[in-house]
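The first chain written gets the first letter, and so on, giving A, B, C, D and E; residue counts start at 1 in each chain.
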Amino acid sequence: MQRIGVFVCHCGTNIAATVDVKAVAEALKYEPGVVVSEEYQYMCSEAGQELIKNAIKENALTGVVVCSCSPRMHEATFRKTVAAAGLNPYMLEIANIREQVSWIHKNIEEATEKAIILGRAAIAKVHLNAPLTAGESPVVKRALVIGGGIAGIQTALDIAEAGFEVDIVEKNPTIGGKMTQLDKTFPTLDCAACILTPKMVDCAQNDKIKIYSYSEVSEVKGFVGNFDVTIKRKARYVDENKCTGCGLCTEKCPQKKVPNEFNLGLDNRRAIYIPFAQAVPKIATIDADYCTMLKSGKCGVCSKVCTVGAIDYKQQDTYVNEKYGAIVVATGFNPIKLDKYDEFAYSQSADVITSLELERLMNAAGPNGGTLLRPSDKKHPHRIAFIQCVGSRCDDGKGKSYCSKICCMYTAKHAMLIREKYPDTEVYVFYIDVRTPGKNFDEFYRRAVEEYGVNYIKGMVGKVLPEPDGTLTVRASDLLNGTQLNLSCDLVVLAAAIEPDKSARPLATMLTASMDTNDFFTEAHPKLRPVESPTAGIFLSGACQGPKDIPETVSQASACAAKVIGLLAKNTLKGNPCVAHSDELLCNGCSSCEKVCPYGAISYSDKEFRINGKMVTRRVASVNPAVCQGCGACTVACPSGAMDLRGFSNSQIMAEVDAICKW
Amino acid sequence: MLKIKLSELPILFDALSAKNKLYIPSDTKGGARFLPYENGMKLTKELNTVRSPKDLFFPQTENLMDFKLEGKKIEVIDTREECEDFVIFGVRACDVRSFEVLDRVFLSEPIDTYYKNRREHGVIVSLACNRPEETCFCSTFDIDCANPEGDVASYICGDEMYFEPLTEKGSELLLGLSCLSEGSEAPVYECKRNIYEIKSKLPLSTLSAEKFGKDMMEYFNSDKWDELSEACLGCGTCTFVCPTCQCYDIKDFDTGNGIKRFRCWDSCMYSDFTKMAHGNPRVSQKERFRQRFMHKLVYYPMNNDGLFSCVGCGRCLSKCPISMNIVKVMKKLGEGKDE
Amino acid sequence: MDLKEQVLIMSGVDVRKCMACGKCSGACPSYNEMEYHPHQFVSMVKKGNIEPLMKSESVYKCLTCYACIERCPRGVEPAKLIEAIRLLAVRPQGSNHIKADDIPSLLDPELPQQAIVTAFRKYSK
Amino acid sequence: MQMVNNEFKPKIVAFCCNWCSYAGADLAGTNRLQYPAEVKIIRVPCSCRVNPMFILRAFQRGADGVIICGCHPGDCHYTTGNYYARRRMTLLFSMLDFLGIEKERTRLEWVSAAEGQKFASTMNDFVKTVTELGENKRLEDLRCKK
Amino acid sequence: MQEMMKKKAIELLQSGEVARVLGWKKGEFDYDITPAVFESVEEIEKEFIYNSLCSPNLSKYLVKESRKEGKTLIFLKPCDSYSLSQLITEHRVIREYVYAVGIECYGKTDADTIKQKGIKGITRITENDGVLNIETLYGNEKVPVYEVLRERCVNCKSKKHPVYDELIGEEGEMVDDCERFDEVAKIEAMTPEERFAFFRNELSRCIRCNACRNVCPACTCEKCVFDNDASGIAQKAASDSFEENMFHIIRAFHVAGRCTDCGECSRVCPQNIPLHLLNRKFIKDINELYGNYHAGENIGNRSPLTDYTQNDAEPNIVYERGGKNNA
């Protein structure tokens, strides 16, 4: 029999106003096992906690019930309190008589009665509580960053700076991500490459950082502090250790008709290529889809011109196994496909382009060497229309319901840059709202309007009509003037919504990290834990968590690094002791539990048991307490009742049910 | 001898049930069963019920007493009540004998007052078996299904039913039942003669229990138990349909508003039967299986003047899911005993 | 029931979903014919300002081409609103604007089929 | 079941997952959204922890309705728990219905941590439904009656 | 058939390929056939039997037998082999220690079914060309087997063997037009009051002998929750209607998605409770809600209750479909 102490909190008047706390304490005094029952103004205050501690010591309590606010609020506080008095912290149960009683009921009699019943349920449960000790597991002092864009790069650099090893896995041949494709950055208008490429080089040169380029994560096992990750290194048919990045092969390759993804298909590259001049690592990669040698076995030009013999047509995908203490997701974003937006004629006219395509057209390393020319006839455009919110803020099932956040700013940037470089070009921006919060952001937008004479028109474009003469008629309503415009333009730029990279969803499944309906990773808490996933040991960096611009991405990346460093700095981790465990004598070895475990925490082994004097070998389940997160799915899947959950055992829950239904 | 036309049986049943609670074997979807008589209920045509009439003296579950927890105090509440008089109609000879087997257990010191209470208030009207079946072997245990015991014996002869009071209780029951008229004994003799004729043709009529009731260790150590028990599922069907099995378990049930201490039938075939601090003393199904038959054929008669605790009703023969039964056990164990 | 409520019930449109982007009016082929434009219908219904709309010729200028419904990023469906307001205006007038017997003489072989169907929808009671 | 002034007050057991629904109930409390005191909450880590045994047990002990609340599908803290709960409860409820036991006495609802309002209205609605059904007679244990 | 099986058993036993044979053994009468383990040729020659009365499903015995030294030969009717396959999936039977011989089956009968036709006092049953010659104390009867088939055989779901090492006789197919869910559908169509009354009438007869559980090839728990005092729901006898419901609901739930619908539960029930209806209800629901699933059809299948899709039906589908809704 436990010796139980009951402590009823007034919470000032929060509870006491609608619950007769004295009556509650009095009623619970006569429950079996209760040796002391007291009430106090604020149990969570120092004096209140002292009261509990003293009562534990004076009455040699073995269990404590606190009737107070939600356990989500103060369970941790009171666990520490009872632990300080020498009790196991899990010998505590909380009856939630604030959120579930005093705050929702008005009738004092009714509320008091309910509070007593909840108190009884907690007492019934604590009778069956057992001391629990959290298991400890060591932390592997190495982090994995998935995605080598600016977010991943910044996180990796910061972690490495703190002295921990970091690996970056990047699915493309080079790190750098979307930012490498940008021309200038807002609000300072400095060139993206100038600020990004030094960081890429830092990554390559940092001896704590290892870059797995042209690689993907293919399997993740394990748990916080001890992830076991398999990385697939895709065959690039070039020996990374031999290739010097001289680029000779990329000039000699006879296959010239490969759409260049770096320039978004606005020009072509060869079948063997280095994405761009500052690529890190600067190693050539053969595109197996286009390489004649790989497809038909005839060619071999690159191999012939390579002076170091780096070309290896027989290269296979290889797999690397590595252990990590923490995993950072930095999978980034992509503009959405616009095939559902026929009204903007994106697929009908080459002169309707996305903003990212415009970045390439304006970039000195882009297809036109930095001169803005229309894709269709390479002529200088004299009137350009920018259309905002294409696919953003859409509730119609075609686009995204959220605001993509970065478009207003980059459009202002584009408009400004165009007006500066080509003053004879008229620029119109069709907007719904201009959203430019941020340091120096609104000023930036105003400059576009006031200094650069960009025409901002409130009103959405209803249709873009490609005309026979090669111009584009943009039909929009000018809401402020109450007119419908039919504007003849040379170039239309669409601010396409951004969405998480397609690789994020399968990755989330591997990591058992949750996602929202838009496939953005969910943070552990939207305000207080924005860079952590609810899955322990998984951290979020950059746009994989939600749309972000570069300044925001970089600050989140560093915040994320700080969290990772905090984890890696620990030698061991304390687990949650409320985990499943299997009664091996009851276990049938049927594998039902294993099939429903989302963490792979259950394994089977043949064990010898002495049953009725005979040695019997049986297949039984065992739970790895460090991996188990304590959901309890296995306990219901188990027909024999061999699986039970500590802290929420079958008997504990049934005792609560009994106590609640009793009166 | 008193008699009544079969067609007028409902009048008798109404008269009997007006005075006492009356149980008659009647048909249900699950076979015949002793049911409290209600107007319009018909006597079954089946030879016997699936569950034996022991239910009525020794029910499957029975509340023994209550406890009340008030704060930290425990109060014991005696829930016993005096049983009202009742009549069981149409009990077969084998089942009548089963009451003797149960009596020897429950009515010897210390007396089981719950059982005694019911036994004292129950009147048994037995019924001779006109159409015994192949599973019957009551004669093995010297039971005569043509001459059933009980308080009143009854016989169905043609379209009439005859009654013969055998005890004072029985005479009392039949007293003043105006629906009954005097009848001659001749039809009853004819009925018995017919029964004997069929009995001699029963396939198990030659089964003998002579070899049992002794040689305890020899039977106990027989190597035939392995083979006999190998298919046993360890269910309790045989036990629960058996008219003489009398083992029970006592359990407490916490209702939330107090404790109910009840007993319920238990089966020696179960792995948790007679569980002790160290577990079940009979660890394998073979041992449990052996226990049941050793008890029926050896231990019980050795302790009870040679009375076997099997009455040959044949219920286990027809209900065992895997068709293992006491007849097979007797035959197998008996093999080679003569030589 | 006030007019606004009637319009909302008849049309099944949730005007609160409108984010005032003006894409409906940007897409409307009858824009210049109309006194009140599709986005104004939405905004005026939202304010409960129904009567001017009922009186306006605009309700008959709408072609019911559904371009606004097709294009609206929030699924507001302005054309259904206009339709509802038109019905509200037409119903009390008591008789059909066009009778079935009159149709053959009005038919123009160039007239698109949809226009005929639309006419029935719009000009019958 | 209890009668207060001859008015039937059902007993309702609500199993709430710790991460979403229990937090949703907390939010209902924080926002002072009223729902009947007949509802008593049992905190479980996840809706998948709810064993059919618990539900039957509650009915045995006198509950008139049992509701299970978990995270919305796709939002489970443990990723997949509520998907299993959904299948289990669907089949269990269907079986109870098959046996002629009022299906309205059992319910599974998805309530997120942000849905205090939904929690309160769900509970109000459920209590109303069960009150209309009256006392649980078909799945009662007479021994447990007072 | 019997002779071919005997020959096969003797051949494998003599060659040492198998150490024992699981089959059916003659009883006292012609109908009381017992599952048996044969270890010698003599036993097989003397006592091995196979005919239309060999109802018991032998696969559950393998839980024990496959843990003995050497292989066990088992004869499997199609429905039994589904059970075996499911047991292998659940690691309850070790495949390597089993030599499975599939045998064709045209349906089985048993004494209970024959007696329910009013044929009593049976002294001898012989079978000839699908007709049973029944001699009784009260006269002789001729009954074609198909007239006394057990319900599960009338509604046979499959004549295929999902697992075997060898076949005797022809391999069949799944039965397409199987009407096994008709009875369930009929009950579903009743009002809740009628359903309640129906099942009260059935389940109230339960004597908790546990025959259904102990014979069930899906109920192979080392210790059943109902026997385990620590489980909180242990019960030895159903002392009231709640406990009757409890036992059967939980048992059906525990075997849901694993039950192969072999029908043994209903066969062995001494009170003739149609227990298979509960299991079939689950199978029917699973088929309708989560796609057709046949437990035991493939070794290693994931049962529907240990699986999910993101778009599964919500439980309120129960409120919306089927049955009359007048509660």
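Keep in mind that, in the parts below, a residue touches a chain if its C-beta (ideal position, glycine included) is under 8 Å from a C-beta of that chain, and two chains touch if they have at least 3 such contacts.
As the structure is a computational prediction, the values presented were derived from the model and not from experiment.
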Chains in simultaneous contact with subunit D and subunit E: A, B
Farthest chain (mean CA position) relative to subunit C: B
Of B-E and A-E, whichever chain pair has more C-beta contact pairs: B-E
Per-chain CA centroid nearest to the all-protein CA mean: D
Inter-centroid spacing, subunit D versus subunit C (mean Cα positions, whole Å): 47
Intercentroid distance (Cα basis), subunit C paired with subunit B, Å: 87
Rounded Å distance between subunit A and subunit D, as computed from the means of their C-alpha atoms: 32
Separation of mean Cα positions, subunit B and subunit A [Å, integer]: 71
Multi-partner residues of subunit E (each touching 2 or more other chains): 223, 225, 231-232, 239, 305-307
Per-residue overlap in subunit B, given as positions that touch at least 2 other chains: 253, 256-257
Residues of subunit C touching at least two other chains: none
All chain pairs that touch each other: A-B, A-C, A-D, A-E, B-D, B-E, D-E
Of all residues in subunit E, those that touch subunit D in their complex: 184, 187-188, 190, 192-200, 225, 231-233, 239-240, 242-243, 245-246, 249-250, 252-253, 256, 278, 281-282, 285-286, 289-290, 304-310, 312-319, 323, 327
Subunit A to subunit B touching residues, read off their complex: 30-32, 612-613, 658, 661-662
Subunit D-facing residues of subunit A, complex: 70-73, 96, 98-101, 103-107, 110-111, 113-114, 117-118, 121, 512, 514-515, 517, 522, 534, 578, 596, 598, 629-633, 635-637, 645, 648, 650, 653-654, 656-658, 660-663
Residues on subunit B engaged by subunit D in the complex (per definition of touch): 253, 255-257, 260
Complex interface listing, subunit D residues touching subunit B: 61-62, 141, 143-146
